[in-house]
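Below is one structure. I have some questions about it.
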Amino acid sequence: MPETETAAAAWGVVPSALLVMGAALGLGWLVAAVDRVVLTGAGAPAVLEPVRSSVRLLTEQRRTTLAPDPLLWRLGIAAVPVLAVLSLAVVPIGGRTLWSTSVDLVWFNAMEALLWAAVWLVGWGPNAVHALTGGYRFLAQGLAYELPLMFSLIAVGVGAGSLRTADILSAQAGLWFVVSMPVAFVVFLASAAAFAFWGPFGAPTGADIAGGVTSELSGVDRLLVEAGRAIFLGATAAMAVALFLGGGSGPWLPGPVWQLLKTVAVVVALVWAGRRLPVLRPDRVVEVAWTVLVPVTLVQALVVAVLLLSGFYAV
Amino acid sequence: MTAELVLQIVLTVAAGLIGVGLFGALSQQSIVMVMMGLELVLNGVLLAGGAAWYFLAPELPDAQMLVVVALVVMAVEMAMGFAVTVAIYRARQVDMVDMATDLRG
Amino acid sequence: MDLSRRLRAWALARPRVLIVDAPGTVELRRAVEAELDRRGWPLAMSPADTDVLLVLGLPGPELAAAIDVLWSQIAQPRHRVDLRAATDLHHRLEETVRALGAAAPEEHVDGAVPARAGAGHPAGGMDHSGHEGMDHSGHEGMDHSGMAGMDHSGMAGMDHSGMAGMDHSGMAGMDHAAMGGGGHAGHHMHHGGDVAGLPMAETAPDRDGLALDVLRVAIGPVLPGWPTGLLLRADLQGDVLTSARLSWVDATDDRGSPPGKVHPQRAALDQLASLLLVAGWPTAARDARCARDGLASTDRSELATARRRAERVARRVRRSRALAWTVRGAGHLHSSLGRTAGGDVLDRVRRWCDVASGGDVEAPASPTSLDEVAAVLEGTELGTARLIVASVALDRSAARTAPEEARA
Amino acid sequence: MLTDLSGWTVAAVVVLGVLSVAGGIAVFVVDSMARATFALLASFLAVAGVLLAFDLVYLAVVTALMMTIEMAIMAVFMIMFMMNPAGLMPMTMVHNARGSAVTGAVTFVVLVVGIWTVDWPIGRTERPEDSTRQLGEAIMGSHMLVMLVIGIGLFATILAGTVLATARGRYDRFGADLAAKRPDDPIPGGLPR
């Protein structure tokens, strides 16, 4: 099947890895720029601000704290952007993924789970109250959003009859999955904000704990963590386009252009909506996640399964 | 390199994991550390199961099922282990196996 | 070389600013915030996040010590500005940018090396200059403040202090009696109670009936959205405060806001701005600051715009279901203060909104003493505690009815 | 019979194997409980890498996913219950170290002797096209009973674990006669009740 050929197989490993890196940087910049525009209300000039911040952080001193755990701290910091890029490896770019296993969806989910460990370590490492509190909050929130996120991914997998992103794209040739799985779509985007600990789910880096897990980071450490968050959010938006919005399908324009447009639209919508809300406190969020979202996403998966059996999806 | 040699190397690694895990589970005093030892033993089982599937019977799903069961056992062991630790700790501020010997009948 | 310098200057042209306002500088702080918003300079969350430390007014001795600790925690390149008046604000900020961009590169390199060395050997880093400032002044600050006995942190800036007690928690988890009863060899942990000069945590029963580690932390006196100079000394279990005491640093310094010319609407917007910042709603906080600054204008049309803006932000906050959902039920003050200060955080937020929109309502009264607020903080989670503090108007003069001795 | 793994893959398997054992040993060597937890995670991830080399993609990824979540939670419990989680004071907490070491070593030796003496029946069998599909079909077909039992077991674990760990039952929350309208919780959740 030509459409399941991976980018690594089609264009060579090194060029496609570079492509993914480039896409990661582009997505990260996109998210950061849109976020900055919404936050400062400054309009178009703010799109340069992420670049400015990056350069500034690159020249800044790395600081340390009293009695930290440097090994685990640095490990966690480095892991955040690495995992973000790895999660992008199964997101189709221009119709191809960097590599494809038979379990792309689980891969995506696993990278996000590994992020738990990374964020926890970033909070643990500096030996500081606010950072560790941020780490705790992330874990509490993580436990709560994990199951709804998994069920929404399962709904997609069931609908496509495959865990491979390429198959999921081709399964949406007729009808986008967002039509039959709106709940899964919304939960997926909310989880994206939650695992990038951003916007309404930004309690792990909340201002009330002086920046939480990021409160002790400076210089390149802060750059890595912030970039990792932005790339994760961008990668998830791109994944949402592939899973629910038909990827590159659309009239007149070529596929990659459609995909780019849809990704930009999802990022803008996500950032705009997210910044209209205050941070939702974890103790409130977790109860709703456990008692409302878990059953609702389960029902969503059930609906998809029934639709599948009734021949709704052309698998 | 023959397949048998690779299999034997991998199984030796698995045996190493099981040995280390056993040592930990038997020697540690803290309940949480005991659980980590048990996890390590199960980690060896995962590895051995995977190797067995690949080299011995890839046409059958049984070895894969074994790995799945080992994963589930790990999850159950962990959940119950933490629940029991919390319960004991709540009852008598004890988090070490030796201190819980009076639970003996 | 020239290119790299210009790149540096460009990168540092929008520095992140940490504002420390000494008592009696309310108007100066508002003017500075307005100027920063206009320039798009972000507010820093913590010393690690800071490029420019902006000290407003004349800090008292204890606050000055805390500022020194804070300063030592800020990564290079950094710049400190002491502002007494808003007169040449524009000029001073321009100068700041120039100073940051021109910060001697060797100083920068010098600072970076110890940080990296420190990463490898936590204790070894103490010899180096960059690091030395940080650790030592932490302890110095504590001596100055004369509160050394309470926690090993003093007021080390933003509570870097208490943190050290943090992770080696549970030494005490194992009590001597239990150990003796166990009677086996191999515990060598009872030699001395501190590591790197920081005491170990102790345990105490938590609200769920488990005896868990307690950390003594000092939160304040400088935090985003926090009344500068307020110090929260608390016992922390995880992120739950099991005991809390509030006090002002430099408690004898009674330069509060000058009475008589308080603009209630602006004060309410100011309060809302810091509360919204703590609640994690930066866009609404920005709008509130913007409206507040516009209300100071003498221009008629600008004033009208600012009024409309104030009404809009107040309405938006008041009607926000998300905010109501997330803060409802926290921080019930059933107090003798009368109707207007009671209720939970949400009630107070809404009352602030009423005042902020220009309605003819009474502003929530300030609590008569810090102890009253501290009592509500006990048993709450750190974020809730921050919301509660941000929702009440604490002023230094009111707090003095609570004698300092009562803290003991 | 030669293995169909490439030389690089075999090398990777060996390196990952060594890493996994090293991680396992580190668990009981390091002082810091946080480091011990993450050493165990490293061991799991190394095993997941080996499984990946054996074409068991699903199992490898699921191992990484489950174990990471498990270790993240484990870290919290470590900090809750263990003294000295950051390992700032050197200490050991072992009993019967010699006996345990002997048991571990004997087990290892017995297993190794077995491993290297048994004549392994390496067959020339067909590899399935997709190991994930094979597993999925087994779970939903021939081995469904196993999954049913696992499901019930996990459900029982959820219930038993919650009951054991919590100190508060419905009588604490709703009063002795269960008449309270709103539960009396230390922290109200996000649901309007």
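Should a chain be cited, it is by its letter among A, B, C and D, assigned in written order, with residues numbered from 1 in that chain.
In this text, a contact is a pair of C-beta atoms (placed from the backbone, for glycine too) under 8 Å apart; a residue touches a chain by one contact, two chains touch by 3 or more.
Per UniProt, the chains are A = NADH-quinone oxidoreductase subunit H; B = NADH-quinone oxidoreductase subunit K; D = NADH-quinone oxidoreductase subunit J.
Because the structure is predicted, anything quoted here is derived from the model rather than measured.
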* Asked: Most central chain by CA mean?
  -> A
* Asked: Given the contact rule stated at the top, which pair of chains has the most C-beta pairs in contact?
  -> B-D
* List the centre-to-centre spacing of subunit A and subunit D in whole Å, with centres computed as mean CA coordinates. => 25
* At what distance in angstrom does the C-alpha mean of subunit D lie from that of subunit C? -> 41
* Asked: Can you give the whole-Å distance between the Cα centres of subunit A and subunit C?
  -> 31
* subunit B and subunit C: spacing of chain centres that average the CA atoms, whole Å -> 46
* Hunt down the residues of subunit B that sit against at least two other chains at once, touch-wise. => 29, 86, 89-90, 95-96, 98
* Residues of subunit D whose C-beta touches two or more other chains -> 34, 62, 66, 73, 81-82, 86, 88, 93-95, 97, 131, 167, 187-188, 190
* Structure fact -> subunit A touches at least 2 other chains through residues 67, 69, 124, 127, 136, 283-284
* Across the complex, what residues on subunit D touch subunit B? -> 1-5, 7, 10, 13-14, 17-18, 20-21, 24-25, 27-28, 33, 36-37, 40, 43-44, 47, 50-51, 54-56, 59, 62-63, 66-67, 70, 73-74, 77-78, 81-82, 93-97, 99-101, 103-105, 107-108, 111-112, 115-116, 120-123, 125-128, 131, 134-135, 137-139, 142-143, 146, 150, 153-154, 157-158, 160-165, 167
* To do: In the complex, go through subunit B and note every residue touching subunit D.
  => 1-13, 15-24, 26-33, 35-37, 39-40, 43, 46-47, 50-51, 53-59, 61-62, 64-65, 67-69, 71-72, 74-76, 78-80, 82-87, 89-90, 95-96, 98
* Structure fact -> So, in the complex, the side of subunit C touching subunit A is made of residues 7-8, 10-15, 40, 42, 45-46, 48-49, 51, 73, 75-77, 108, 111-112, 115-116, 118-120, 122, 125, 130-131, 134-135, 138, 158-160, 162-164, 166-167, 195-196, 198, 215, 217, 219, 223-225, 236, 238-239, 276-284, 286, 320, 322-323, 325-327, 381-384, 386-387
* **subunit A-touching residues of subunit D, taken from the complex the two chains share** => 32, 34-35, 38, 41, 57-58, 61-62, 64-66, 68-69, 71-73, 75-76, 86, 88, 130-133, 187-191
* Across the complex, what residues on subunit A touch subunit D? -> 67, 69, 71-72, 75, 101-103, 106-107, 109-110, 113-114, 116-117, 120-121, 124, 127, 136, 139, 142-143, 146, 163, 283-288, 291-292
